[in-house]
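In the two complexes below, subunit A is the common chain; its partner is subunit B in one and subunit C in the other.
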Partner chain A sequence: MINIDQIRNDFPILSRKINGHELVYLDNAATTHKPRSVINSLVDFYENHNSNVHRGVHTLSMEATDKFEEAREKISSFINSQTSQSIIWTRNASESLNIISYSWGNKNIGEGDEILLSPMEHHSNLIPWQELARMKGAKIKFLSLNIDGTLDLSNIDELITQKTKLVSIVHVSNALGTINPVKELCEKAHQVGALFVLDGAQSVPHMSVDVQDIGCDFFVFSGHKMMGPTGIGVLYGKMEILEEMDPVFTGGEMVLEVTYEKASWADIPMKFEAGTPNIADSIALGTAVDYLQNIGMENIHDYEKSITSYALKKFNTLESEGVTLFGPKSSDQKGAVFSFHIPNIHPHDLGTILDGMGIAVRTGHHCAMPLIKSLGVSATARASFYVYNTMKEVDTLIDGIKSAIRYFGDGSN
Partner chain B sequence: MNDFQDLYQEIVMDHNRRPRNFGKLEDATSFANGFNPLCGDEINVYVKLVDDEIADIAFNGDSCAISKSSASMLTDGVKGKKISDAIQIFESFREMITRKPGEDFSSDILGDLEILSGVSQFPARIKCATLPWHTFHTALTENDQSVSTE
Partner chain C sequence: MAQTSLDNLYKNSIILDHCRFPRNSSPISKIDFSGNAINPFCGDEILFELSLNDHFCIEEIRFEGEGCAITLASGSMISDHIKGMSIEEVSVFTEKFRLDMQTNSCKSFHNESDIFVLYDVMAFPVRIKCVLLACSALENLH
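== the complex of A and B ==
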């Protein structure tokens, strides 16, 4: 059991008033708030340990290096990586995916090769592959989508063939909330010798993830969506694959020996981390992992599942008002992400009206333009929850939607 | 403070529910398409010019209440006007919408459009209100073009 009041107390921003109302923050798929321990971790680093990492023999540099590498260890055990060498610091999931595309893709994808994606990918897991395919003359194929927003795997064996070199799939959809059967997809990819890339930006903050159990070759995520700071992300890769990859960025920190003519690369992970890394934010992401593990990922997942069930039930009551909820309708298949559309109310108007009530939702295409278009709408409103949200906030959202419908329907409030 | 009722006043809501001059103008002499990639709002503006006068005007598309009511009031406001007068209204409207807090604006030629003055307090929505105007301006100056807010 988790104590939500206690958790909420750890997040200073949750006591803010927005337009005279208590903040109801339902934009967690975009970014999450930070507990005091994460904020303090940043302050503590700059006040007490600030120094550049590695190579230094003075006390501060050794302290900074220890904390920096300790954070890498925390991330490694958090996703059950075989070794912390497999954990490469990046800015975010987008950068991680770009590194895979530029480094692994450039070397291994050729003309006529196929890359398989799902139709619900975030632009960050679509455009790097489009660019790669364009440069190499490769082809991108897409899985089909069922009407309920789950993946249709009935034709998977026609889509994953000997031509398939890479399968890259989102673990949990940021637009629909769909939880994808990634273990099955990974197995299918491996059967034809293709690599399996998993975008965990919306999964790792909300559920326990075991990269060895899934078997994925790469796993990417962003720190700021899991209570960590912005500007720090992770690329996990299997050691034998990382060994064969060339660095995308070169310069300081990533070299073993340098002459005026040439250089040799440092070991993994430093081979991929040119320049002074984002030390403070890496350490604070480690603190965020501590915070999450202290609550327990199973507890977080169970609690959010109960929010999902409750919200699904509440959204059901809005069906008679014409509200369409996109994505799966079962909390087994869906994270706490609710994309919806109301006839006669444009999502932007709804977003402004809800903001007037202190409720933060996101409106637009959620960086998934082709998917939103395929739903037959130009944009949706999206409410996304985290472990610090309450059932009462579900009610506040639903009441807010109802009053917007009344206001836009007949002008009464 | 964001009080949404300052933004969604009755006249705005009325234009949203019953937009004036909504549809396609078959005998248009000028046309432009406007698009806001941030929210997906899209608007088409059709103008029929006779000499230097806006003899008729219509719009259609898929957009939010602010954008739609702004377009509806635009068409009401410029129909029958000379191009030069319409462009003056455009300049005046833009000045009102993009003014900084506390700054004054001239409402002499705006008529009903003044009701949208509250939009300036909602920075995220300014482009919604100006999209139809930029599209209209493009139709007048570079007929048959697309315009984007970004």
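== the complex of A and C ==
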């Protein structure tokens, strides 16, 4: 079992008061807080090891390079990549997906080809493919959604055909919490020779992910959603695919040999990492991985599952007040993400009222505009939990929602 | 702090009344000008339609909105406030009101109509854009 009090003590920001109340931070799908070790890692790098990487013979440069590459190794083993060369540093999951689209997509997608997505994709896993399809005359198809927010795979064999060149799916939906059957989808994609891209931004912080077991060709995620710093993300790709891809960005660091006329590319991963990389944040992301592994991904997943079960029960009691909870209703199919709608209270007003109680939730379309529209609302409120949240915070949220309903219902508090 | 401000903002306030019962929501006989604005971050939307009389002043106005209480109340209040103004006066109003809200330097309209309560929103900087969506719609009149 994990010790939540001990974990909470590792996060300095959790002792902050917001509007006179203890902070109840339920916006973890947007970004997570950082443990002291991650913050210290940034300070330690700049105070003791700051230097550029891969280009100096002096001590600091060697230390910085070692730490930077050690962080890559940590990420690699965290997702069970075959080799750390498959780990490319990016700014975030969005940039990783754009690199796949611009590099692999440009070369391999042609007129009439099909790209299959789910209807619950974050804009980051929708727009790069829209742009690619527009430029190439390719077609985007979408899987269907069951009423409970899970994917409907009954017509999958009609949707994945010989024309399908790429299937790109979110592992865990940031808007509904749905955990998708990605191994099955990956197999289906491979049966027709299509590549399978997996957006792990909301999965890798919360559960154990094994890219070899899933079999995905690409896996992308952002550091800041897994206790790491902002501005650092990861693109994992299978080596044989990365080998065939051209770099999207060119310049320093990513070359083997340069003349005034032309250049040849460095080996993977540096071929895709033009310019001085985000050294300090990469190293701190490695520290975040240490922190997560120290708790244990299985423990994190189990604990969050119990939060999900508890919160589902609690949300159930709000049904009589007209509150609609979107997404699956079972903790086996859903991460700890709760998107909901209350009649006659706009999510922004709810967000402001909850903030007055120290409760941070996200309101809006969660960068999934078409999905939110298909739910029949213009926006939802979303509470998303992490391993440092408590059952008591579920109660605080539910009480806050009830109080907001009274607020707007009859003006009493 | 926030609870007191929240009380100002929502509880028993004119804001909730405007949000629940928006003024000037009936269709008007003719449309001389219309303007809308969308907040791309939240999807809130406001539309104004208006007709002018022989003196080129607003005779009829219709307001339609989709969004949070602040957006809707602001649209409703402002639709009341600008009735009878010329298009030029509307433009002077939006400029002055926008400046008030954004700089917190002065409350130019504290006595004239319900819009004075919108100044309470300044305690919630992130929601000022909800108040000003109506101004953006009026700035788009054509």
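The working rule: the second predicted complex is superposed on the first by the 413 of 413 C-alpha atoms of A that agree within 3 Å, B and C clash if a C-alpha of one lies under 4 Å from a C-alpha of the other, contacts with A are read in each partner's own complex, and residues count from 1 in each chain.
We adopt the following convention: a residue touches a chain if its C-beta (ideal position, glycine included) is under 8 Å from a C-beta of that chain, and two chains touch if they have at least 3 such contacts.
Given the structure is predicted, the values throughout are model-derived calculations rather than measurements.
Partners subunit B and subunit C, brought together by superposition on subunit A, clash.
In the superposition on chain A, A:56 makes contact with neither subunit B nor subunit C. When the shared chain is aligned, no partner comes close enough to touch A:215: not subunit B, not subunit C.
Once chain A of one complex is fitted onto chain A of the other, the partner contacts of A:181 are absent, as it touches neither subunit B nor subunit C.
In the superposition on chain A, no contact is made by A:119 with either subunit B or subunit C. 19-20, 346-349, 352-353, 355-356, 363-365, 378-379, 407-408, 411, 413 are the residues of subunit A that lie in the contact sets of both subunit B and subunit C, per the superposition on chain A. Touching subunit C in their complex are the following residues of subunit A: 19-20, 346-349, 352-353, 355-356, 363-365, 369, 378-379, 407-408, 411, 413. Contact residues on subunit A toward subunit B in their complex (touch as defined above): 19-20, 345-349, 352-353, 355-356, 363-365, 372, 378-379, 407-408, 411, 413.
Within the complex, the subunit B residues that touch subunit A are 1-5, 7-8, 10, 13, 16, 38-42, 62-66, 122, 124-125, 128. The residues of subunit C lying in touch with subunit A in their complex are 1-3, 5-6, 9-12, 16, 41-44, 66-71, 124, 127, 130.
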